[in-house]
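Pasting the structures here.
Two complexes are shown next, each including chain A; its partner changes from chain B in the first to chain C in the second.
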Partner chain A sequence: MYSFLDQVFASKGWSTFLVFFRIITIAIFVYIVGKGLTFDAPNIPILEQSIRAVIYHVPLWIGMNFLFLAAFAMSIAYLIKPRWEIDLAIKECVNVGLVFGLLGFLTGMQWAATTWGSFLPPDIKVKASAITMLIYLAYVVLRTSFGEPAQKAKISAVYNIFSFVAMLYLIWVLPRQAESLHPGNGGNPLFSSNDMDGTIKPIFRSALLGYTFLACWIANVRYRLVKLDHQIKDKLFS
Partner chain B sequence: MKKLMSILLLLISFNAVIGQNVGHLDGLSGLLRTNDKFYVVISVIVTIFVGFFLYLIFIDRKLKKMERDFSENK
Partner chain C sequence: MTTILKIAYLLSNEFKLEWRGKAAINSILLYIVSITYILHVSFNNVEANLWNALFWIVITFSSVNAVAKSFMGMSEGNRLYYYSIIGPEVFFVSKIIYNFLLLFVLAIITKVAMMIFVEDIPIKSDLFWLSVLLGCIGYSFIMTMISAIAAKAKSGSSLMAILSFPIIIPMLMFLLDVSIKGILGSSISETSQDLLVMSGLNLLIFSAGYLLFPYLWRD
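Showing the complex of A and B:
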């Protein structure tokens, strides 16, 4: 099942693609910071100039969602055909996803303090994202409680599948059914095609892409690190 | 009398607006709210960059520890 992927990841075309992908990530970030701070934004009520923060805050959560989606797919692949590298990759995806989630939470608190009047407003999406992060933190804790690696990997893969489903409901479905301060939920307009102006749309959309790429980049670096460490330990103690 | 009462009424009616602007521009969130809340965007970006750089330093320290363990156990 994995032989095709092994060939792809070892090929030269893949390393060229990675270089290209990293250059695009950096270019997107330069574009976002440069254009995002300088484009002409009219002062709308309450938000005023802080609407620019949507470019930097929302993609953090999208990056986290993407990494958790990748972890979910890899968990299923692990349960179908176990392989220790996939287990390492799942762990690193969750670790980096948690970092993105934490940053998203912190930046959200800063934004809320100035526009919604409090660092932790009684908003359902805030609570839902906090619960999601706690669920994935519990995944990290779960992994430390096992000694035997195969058992650890199997049970944490099952837990990961449940956590992803919980995240899907908590972050995407539940806030739309309840009253919420967040755009797109509780009857508020969303940052979609009809609600976003033509000037901010390309910046926002490229930010979504750039943060997702950055998340994959960091997870990839961490995965290679942990994999090398594992291989070295194997070589020393076997 | 009527003129005096109407003038008094007008003066009292301004009391209604005293409740506005409470909590504006004091404390840290007040500072972020000056200049049309542009500084919120700056603080968001700085948080993200500082967060990522701290994470990089954390990864680097972990790598250094691994390298040290490897060279000791050789």
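Showing the complex of A and C:
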């Protein structure tokens, strides 16, 4: 399995794909920023013009979710067959995911302050996302308290799987049970044509894609940097 | 040996070890009594909400200390012996059951201590004890799993506190909600939705821990 993936990642086709991937990401961001700052937003009850924040708040969280999903999959792959590169990749995915989650949290606070008047409204999804960030920060702390790399990688992979399951429960299952300000949770209807009409939907959907691609790009760059650093330090060039 | 016999044997082993060296449980008891005495000195008039919150805070902090020593006492040879003879799952389940019993006893002692020192709030419904039971089960699942993770690390019990507190928080939110309803008098049938969510959370944590524990113990 790994030798096949190694061949794919070393091939020329993959590097041309990456170039296209980055060009598309930049194009999406030019579109989002350009159109997002200039479009006419519809006036929605309660939210009114602050619906504009949905362009950057939700995609940041989706980017974080995607990176943590990737970290989860790689943790399982590490437990099946350990390789040091996978461990580095997991660590970088969690790091970048934490940054995106922090940004999502801050933008959510900004949105709440303008719309509902307080920075942290008593909302179950806000609490659940704060707890998720704490769980993944505890993952980073866990990594620092081991000396031996193999043991560190294995135990942090186990904790990563545990914390991803907890994240799924906290962010997706729990808010549906309780009352919440977020759409789709706690008795509110899901995102529908009442909330967003044709003006905001294409920007929103391409933003979801764009931020996820950006998260993957940043994590990839960090991974390659850390891997090179590791190889230079340990003289691992094969 | 069947699984039940193995678990019963391991449990009786744990109880014997605890009875011989009573230092651990005595230190936890002293911890609980000291905290309740501090509460006695700090608060004059405690109503049900505050009492409930203080009760669960005391239980949370004492559970971190109580379960921290779960996996620490054994040498490498001992661990390998248990791993090969009994198998990791049975070992894990026996630790969980032992920690649950320990935490439940500690919860009862905390209730008595708070009744004496802080305020004798009359508990109007069985829902309170049901929430204590579910809470001790959940705490035992979480703390045992985290103690297994932290036992391998150098930092010891501070790491255990750091790892366990974020995961404890949602459970604590539900427990506070359900137990205050129990103190004030709702019946079990009224809060069945919350109880189901709590049981679901317990089950989720247990299944994640059960699947992952053998990987932790391969060393």
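Everything below uses one rule, namely that the second predicted complex is superposed on the first by the 230 of 238 C-alpha atoms of A that agree within 3 Å, B and C clash if a C-alpha of one lies under 4 Å from a C-alpha of the other, contacts with A are read in each partner's own complex, and residues count from 1 in each chain.
One rule holds in what follows: contacts are C-beta pairs under 8 Å (C-beta built on N, C-alpha and C of every residue); 3 or more make two chains touch, one makes a residue touch a chain.
The model shown is predicted, which means the values in this text are computed figures rather than measured ones.
Asker: After the match on chain A, would you call chain B and chain C a fit or a clash?
Answerer: Superposition check on chain A shows chain B and chain C fit without a clash.
Asker: Between chain B (first) and chain C (second), which does A:225 come into contact with in this model arrangement: first, second, both, or neither?
Answerer: Once the two structures are laid over each other on A, A:225 reaches chain B alone.
Asker: Applying the document's definition of touch, where does A:113 land relative to chain B and chain C: first, second, both, or neither?
Answerer: Touch partner of A:113: chain B, not chain C.
Asker: On the A-aligned overlay, A:16 touches which partner chain: chain B = first, chain C = second, or both, or neither?
Answerer: Neither partner.
Asker: Given the touch rule stated above, what does A:7 touch, chain B (first), chain C (second), both, or neither?
Answerer: neither
Asker: In the overlaid three-chain picture, which partner chain does A:102 touch, first (chain B) or second (chain C), both, or neither?
Answerer: A:102: touches chain B, not chain C.
Asker: Under the stated touch criterion, which partner chain does A:134 make contact with: chain B (first), chain C (second), both, or neither?
Answerer: second
Asker: For A:162 in the superposed arrangement: first (chain B), second (chain C), both or neither?
Answerer: The second partner, chain C, only.
Asker: Have a look at where A:199 lands relative to chain B and chain C in the superposition and call it first, second, both or neither.
Answerer: Neither: A:199 stays clear of chain B and chain C.
Asker: Closest pair of CA atoms, one in chain B and one in chain C, after superposing: how far apart in Å?
Answerer: 25
Asker: Would you mind listing the overlap between the chain B footprint and the chain C footprint on chain A?
Answerer: none
Asker: Can you tell me which positions in chain A touch chain B when the two form their complex?
Answerer: Going by the criterion above, the answer is residues 33, 36-37, 43, 47-50, 52-53, 56-57, 60, 99, 102-103, 106-107, 110-111, 113-115, 117, 218, 221-222, 225, 229, 232, 236.
Asker: Once bound in the complex, which stretches of chain B touch chain A?
Answerer: Those in contact with chain A are residues 23, 28-29, 32-33, 35-38, 40-41, 43-45, 47-48, 51-52, 55, 59, 62-63, 66, 70, 73-74.
Asker: How about chain A: which of its residues touch chain C in the complex?
Answerer: 79, 127-128, 131, 134-135, 137-138, 141-142, 145-147, 151, 154-155, 157-159, 161-162, 165-166, 169-170, 174, 177
Asker: Going by the contact rule set out above, which residues of chain C touch chain A in the complex?
Answerer: 145, 149, 152-155, 159, 162-163, 165-167, 169-170, 173, 193, 197, 201, 204-205, 208-209, 212, 215-216, 218-219
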